[in-house]
Amino acid sequence: MSEFEPSILCFACNWCSYAAADIAGTSRIHYPPNVRLLRVMCSGMVDAEYVMKALEAGFDGVMVAGCHIGDCHYISGNIKAQEMVTRLKKLLHILGLEDERLMLKWIATSEGPIFAETIKEYVEQLKKLGPSPFRKELVT
Amino acid sequence: MSDAVLVIGGGIAGIQASLDLADMGKHVYLVEKSPSIGGRMAQLDKTFPTNDCSICILAPKMADCYDHSNTTILTYSEVKEITGSAGDFTVTVLKKARYVDAKKCTGCGECTEKCPAKAPDLFNMGLGTRKAAYLYFLQAVPRVALIDQEYCIRMTKGLTKDGKPRCGVCKDVCQAGAIDFDQQDEEITLNVGAIIIATGFDPYDPTSLTEYGYRRYKNVVTAMEYERLICASGPTGGHLKRLSADDRDPKTIAFIQCVGSRDLHHNKYCASVCCMHSTKEAILANEHDPEIHSYIFYIDIRASGKGFQDYVARAKKEYNVTYIRSRVAEIAQDAGENPVIWYEDTNSRQVKSMTVDLVVLATCMVPRTDAVGLAAITHTALDEYKFFQTSPLAPVDTTIPGIFACGYCQGPMDIPESVAQASAAAARAAEIVS
Amino acid sequence: MQALTPYKDAIDIVKEAGGEAFEQCYQCGLCSGTCPWNLVTSFIVRRLIHQAQLGLVDFEDDDLWLCATCGACVARCPRGVEIIDIMRAMRNVVAEVGAAKVPDSLRITAKNIASAGNPQGEAREIRGNWAEESKVKTFTEGTELLYFSCCVPAYDPKVRRIAQATAGILNKAGVDFGILGAKESCCGESIRKAGNESIFQSLANSNIQAFTESGVSKVLVSSPHCYHTFKNEYPALGGNFEVVHTAQYLLELIRDQKLKLTKELNKKVAYQDPCYLGRHNGIYDEPREVLRSIPGLELIELPDSREESICCGGGGGRIWIETKKGERFSDLRLEQAIEAGAEILAVACPYCMLNFDDSVLTMDKGEIIEIRDISELVWGAI
Amino acid sequence: MGGNITAEALDRDERRIGVYICHCGLNIADTVDVEAVANYAGTLNSVAVARDYRFMCSDPGQDLIKNDIKELNLNRVVVASCSPRMHEPTFRKACEAASLNPYLFEMANIREDCSWVHDDREVATQKAKALVRAAVARVYYNDPLEIKEIPFNPDTLVVGGGIAGIQAALEIADSEHKVYLVERDPSIGGHMIQLDKTFPTLDCSQCILTPKMAAVGAHPYIELLSYSEVEEVSGFVGAFKVKVRKKARYVDEDKCTGCGLCQEKCPWTADSEYDVGLSKRKAIYTPFAQAIPNVPVIDRDSCAYFLKGKCRACEKFCETGAIDFEQVDQFIELEVGAIILATGYDAFDPSTISQYGYGIYDNVITGLQFERLSAATGPTGGEIRLKDGRKPESVAIIHCVGSRDQNYHEYCSRVCCMYGLKVAHIVKDKTNADVYEMYIDMRCFGEGYEEFYKRVSEEGVNFIRGKVAKVTDKAVSEEEEGKLVVICEDTLLGSIIRVPVDMVVLCIALEARSDAEEVARKFIISRRADGFFLERHVKLDPVATPSDGVLIAGCCQGPKDIPDTVVQASAAAARVLAMISKGRVTLEASVSHVNEDLCIGCGRCEELCEFHAPKVGIYEKPMPVSRVNEALCKGCGACAVACPTGAISIKHFKPEQILAMVDALAET
Amino acid sequence: MSLEDIIQETKTFYCLDCGKCTGLCPVSRYNPAYSPRVMLENALFGFQDDLTYNHDLFSCLTCYACSSKCPGDVDYPLFIQKARALALDAGQHGDCAHSGTVQSLARLMSNPGVSQNRLEWLSDGLRISTQSDTMFFVGCAPYFEHIFDFDSGAIDAVKASLKILNHCGIEPVVLPNERCCGHDMLWTGDVETFRRLAEHNAAIIKEAGVKKIIFSCPEGYRTFKEDYPKYVDIDCELQHISEFLADRIAENGLDFSEVKRKVTYHDPCRLGRHLGIYEQPRKVIAALPGIELVEMEHNKEESLCCGTSAFVNCDSCSKQIRVDRLLEAKATGADTLITSCPKCQIHFRCAMTNKGEEKGPDVEIEVMDLVNLVANALGDGHNE
């Protein structure tokens, strides 16, 4: 079977990270296709339910991307995302999942290249980590 | 062969059977456990559907039965043993000592007034009290007093310090000199050709239905207790009032049907008479105080007898009675000791709560507790509910030829059916002894 | 003066030596204006920093050794620049990188400390001798408190009275304490500010080892310099002990009624805030409260007191360098005290005592004013 | 049919989705096999039609959608093309044009997220299919949303009667819209009225300000509420409700003719705030002559009647009987559409820097106090006098007092250099004394500022670069006897210098109002670290705040000079006029919504919402539940995450929609 | 399993349609749209859609208040459990509270590849071993610590239980990779996941070779005792810790230190009506010196449910149930409400966390697990 290709779901906040992805697009910066973007209005909108559902659905990595602290269009949305991710990581740790399965990253609008770079690094990291125990083929 | 007949149980069924047989010239021995014949019906105030005063229609029969030449009434007695077979039964009966000479006692009641000792009045369902020396109830037949050895001071407290027997007030006041402390239980053997069992029923104790709060809440009473409350000869002289300390007159009463009946946890069968006696009690309440509004919580109104359906219709129309199709779920109590009923009104599909002044539980009716003993003595079989086993085409025959059962001890039925069955049993018995 | 070009290597050397704070300085000159040296001579701190910024430091310049690390400039610097660190870094470049010659007196003192563990160069063994008369036991495992007297009171007979008074008080109050004697060495605070970082490291490690081996958890010090280095500089090397200065501890004893001050001292007393107790560590009120609790004592405030107190000139290794007559801060301070009508000048630091005693002699003010350590005054009042 | 059947079951009506794959010329087509994606889309659940077209955003492209909606009665549309940040509005309008609710529409970004960033055609097509599948899965659960609009109340509230407030009020009122101007002090004028001259033109400050103040006083469209404060603000942009406390003046405004007799007769005095304590004013006073409104106020703290219950002299002498000791604070309810905060700044209290001797030496004064000395209306009638009346022979002006200093304010107060120069010029002009200016940097950046600096230096002012360390009266030489000695290092000379002078003027910093925290909370805006109000964007949106409808202008947003303040005031006014002319406010459609059956009233949403939209209270049901003020909600979704029972959800971002996308994206 | 099979298995045909269940049902009292009688009516009439698509199918608390008094002895909660399985097939599920975290964790845990770090809470004072033949079933407490934004007290109860067992000389086996017992999955209809969890647990228990399992969580206890036998076989003696304590107190008694406290006891549905354990907890409380037990109006068999079950359909009505139950507890004058179920404790503590301005009725009362009360009385209060 060809080399393991991790699948990543990225919740991108409309005002910063999704805009950064757009800029990465307009400046034609290529990055691995493993990531699939899901646009939300604010990183604070990402509920633990969505991340758990993504893990259940077999994604190897979930990324929550928001604005830098202080830049949030809704003042403190990113802080709330940080709290949610910290708490959820503790749960996933008890469950036995590696810490890298869930990643929180601040990406400002202008940081298109950084967005692409982050995706590249994350794919490499997950390749080293191996498939998620809940990956579709393994479960059934 | 003996042409006499033993009738066990002096309720309406027993009385009717005795009269029929007596009128046929047969000699009847009527054995009644309690100090007087009359049975459950004597405890009722009125009877449905005619609202006749229960004791008014019962007293003449009691009198005829007692005075009939062919009848020997053994009250305050119990059947101990029965041997033999159809046509020739030997029956041993224990006649408990009344400590009163039946012949001398005029029933004047002097001793009952002066007697200092008090005891719970079971005739009034324990609502009031009576004395140790007492008449079972006003219209008791035979109208002979008796002394309750468990409560009489003389018999319970033993001798005084200087060796003299205590009290003895009743003896002093009895002009007829009827008091005889040395009376002993008597064992009488009878020889009869046929036996009719008419032991009737006990009301089911609803305490085990904890959700209804019987005993926990004062203003939750059973139907029989209600009958005594509403009855003129009852503990309150017929003045219907609440049992809580404020003893206010109730303006709203809730009658709850199928308490302990049609219930796999308690009694599976339907007691058949509760729907009607609750309706009667609701009507009585309204007659007693027109402001009273009654609510009857039912699953099905079983008004199947003659005139029953119009009786229910009249209750709705004239006597301020509302019928709510719902089995009450739970009874709580608010601060004023008013019962709060929680129920789902299955017609409107809504869960509601209703606060009323008084709750009457139409409890199930079960065979007498000592029916089992009697069945053992008579070797007759009982069905799963402890009723005497009969079969549809021989509704009054028990499993033992020559022994018949009629009335509630054989199955749930109302007074008319009991009377009809009593006559049937009398006829069946007559065949054997004639 | 031919043109100068910024010298990158010099900038880096000073930075590596711990002086990188100079980058934040925007040359406003407030430090120069505030420095007490400018009351007696001219010492442009700003220029030294600017030279460091451009790598044009003249390492031969004696001005490098003027700074008494009193902290007045640091407290007021609008950019919060750690000017003392810059000075220490430049001195380090001279002392350990060899960019120039270290002043002789300092060089000798550094050699003494390196070899004998005390600036006086006395034998290590006799460090505990001062304590014989006061019957002080050596510190053993489980003793509640270590008393670290500082080298000056231990070896210098003129200042021994501080340690003896303190020991006397502790005995009177029934405190379970001891000293480590020969195992102790100089706390290293001043020698570090004089640029000898390596000597400081070895002193600190040996002290920490000695303390931990003996199971020390709480240290009582007489010198604010020891207090400063134990509290703020030793933790980085793994030495975490509870440190308390005599002024604080005496107040504790008085408050817990373990000390009863009965004898009256009807004198006007002024208190000189030592830079390393006051400005560096924010302890102003405890010493004053101790003095006020001595019956009859009338406490008067000097001008420029508390945060604005003027240094006695002893910090940063200056105690071991001769200060020209007429340029001694302790003289100015003594005059201020006399002018304020003080009969006693209370001090809380052995360096202050040395300087002020010196000033009393050189200015011949012996009859008008005396110099007393706080512990002496308390000892006298029991 | 009993119980409440889930909505999903009821409206399992036909979903008819139209999917349109855009080529975007070659931008998408050359990396993604658009036909394959279109065919694939056709196979998806409830997709009625799937097409691909070269330019979906073009008019023919949009017509394609409009016709399909009409002919094939589509009730949902998905366009796979560029980023929604680009053309979502365009396609939404297209749907609306075909009378399909704009929120029944989704976009799949197969350009920036796919074709432009990947090169392998097969993988890109695979990913494009996934993105389309996700968009279709999401649109299935989209609900039609109603875009609400509320009327915009044309009245405006301006808080603060300084030059900023006055300018903003005038500009709005001049376009015939009602303005309520609330000013805390007895008269408008703010700090500017206290100034003598303004730099760089040296115009007499009062001459250019009083006409504007008069205009405000007389303007038919401006209702001036002086000596009043805002107590409480509620509501939202377009419909604010403001409660204003009109403090009791104890003088009846209608009867008072402003004759000033009461001020003459009143025997009790107190420090004049207007003259910054340099002179006294009476207990009953108007702050300055040209006060608007020209109605005096009785100061309770210095009026004998209020303190000791006697005197009432003013009442006796007042011919019109305007004095009324029984007056009480009144409360007025205002309804306005927008609010402009122009609350200005506080002057830094230099006494905290003990080394400068303010409050210790008589002749150390602040810049503001100098303004009063040099002003004709000032206590000395415009003459520069020392405390003992002598003319100063030498004056030192110290810059950056409390500014650019980590221990006080790290920021530069922007105006002190210029008013330092102005003070220098006035001193030279009026007393010809020696003037020394101690500065770190001369920041004369504005128009005509550098020229003014050149002119003042030509007038013989000495400039010494160095931050002053100490001002002392302890003389070291004869010249210093009886003088104030300013000690500092002249960093250009590289030596400490001691400048003996008669008077020292401190250029004190401008700092945020002491009650800024409380005001910020009232108007639901936040503050920067330095205490000034936080603007929406420092560069692109300086006069707006994160709370819609609340604008800020002038020094309350940060220290600035009068020209900048006036510019900001006009900007704020313009923003308000724009909103007024639009006449209505479109509310955010995808806002939070509470299902009150699910809500357990735990208040977690209320506690964390930055915009105070959800509020737990007792409404119809006996138990408290949360309810959202849709006008305040920004739709950020934080409350939905915190809600334990999922009672609160964001329209257009419901959990089902997002979970559907997650599942669709997961399928390989 | 079709609707008819369900009706047969749960004896629904005995229903007299008398409405007593609806009258007793705590949910119906506040949610007019929900009526157990109507649910059965729909089933009996064959209206399957009205049953499976009914939102309130998931509002039933499965607390057995109705069945325990049902004249027709219909096993209504079992009917609901089966009906929910049908609903799941039709794609319907209840509103999962707390972002469905508990449900997601259970599904994730049912995956064979999972190896958990679930014993990090184990502090040194507590001793466990691998040889003992008694096992202590921890359950989901380690996860609960990080799901709620208030102190769930779940792990404290587990620690207290271990302290009690250690005190009684037992160093129980605690399995490091123990799975969720599957209670919530079974009761919300996800039989498939439940079966996988049961199989995992059965395998590792068999491998551990224990003979007795002690539970502190009644839901785990009931699932192992009543539901597991239908899917897997676990030949171990099962005991709730209150039963263990009651026996131990009866045998040789335990020495407790005196703690003055007035308490009232809330019977968890799973322990009470499901398994009939009412007396043991009360015997344990009675054995604690200084503790005065005051019974609430609704106690033992009549005890009211704590308002939420399996973290599904928690809504305003479940809040009302909890508020009334807390008010009833406060009315007894007790200063602590004792229960022996971690979930009741969580739901009560959640009801007391009101962060908005409007707090609603004052329901503030200390809630404590029975095992904590006992552990505190065993000397050096472990978590006082």
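We just call them A, B, C, D and E in the order they show up, numbering each chain from 1.
Simple rule for what comes next: a contact is a pair of C-beta atoms (placed from the backbone, for glycine too) under 8 Å apart; a residue touches a chain by one contact, two chains touch by 3 or more.
Since the structure is predicted, the reported quantities are computational estimates derived from the model, not experimental observations.
Between subunit D and subunit E, the least number of touching-chain steps is 1.
Any chain that touches subunit A and also touches subunit B is listed here: E. With centres computed from Cα atoms alone, the innermost chain of the structure is E.
Averaged C-alpha coordinates give centres for subunit B and subunit D that are 89 Å from one another.
One simple way to say how far apart two chains are is to compare their mean CA positions; for subunit A and subunit D this gives 35 Å.
Note on chain placement: the centre of subunit C and the centre of subunit E lie 67 Å apart, centres being C-alpha means. Each chain gets a centre from the mean of its Cα atoms; for subunit B and subunit C, those two points are 108 Å apart.
Residues of subunit D found to touch two or more other chains are 2, 641-642. For subunit E, the set of residues that touch two or more other chains comprises 35, 38, 96, 99. A list of each chain pair in contact follows: A-D, A-E, B-E, C-D, D-E.
If you check the complex, the residues on subunit A that touch subunit D are 7, 9, 14, 18-19, 21-22, 24-26, 28-31, 33, 36-42, 44-50, 53-54, 57-59, 73-77, 80, 84, 116, 136. In the complex of the two chains, the subunit D residues touching subunit C come out as 354-355, 400, 404-407, 440, 465-470, 487-491, 494-496.
If you check the complex, the residues on subunit A that touch subunit E are 47-49, 52-53, 55-56, 87-88, 90-91, 93-96, 133-134, 138-139. Those residues of subunit D that touch subunit A in the shared complex are 83-86, 109, 111-114, 116-120, 123-124, 127, 130-131, 134, 526, 546, 590, 608, 610-611, 634-638, 640-642, 650, 653, 655, 658-659, 661-663, 665-666, 668.
Within the complex, the subunit E residues that touch subunit A are 96, 99-101, 104-105, 107-109, 111, 113-118, 120, 142-143, 145-147.
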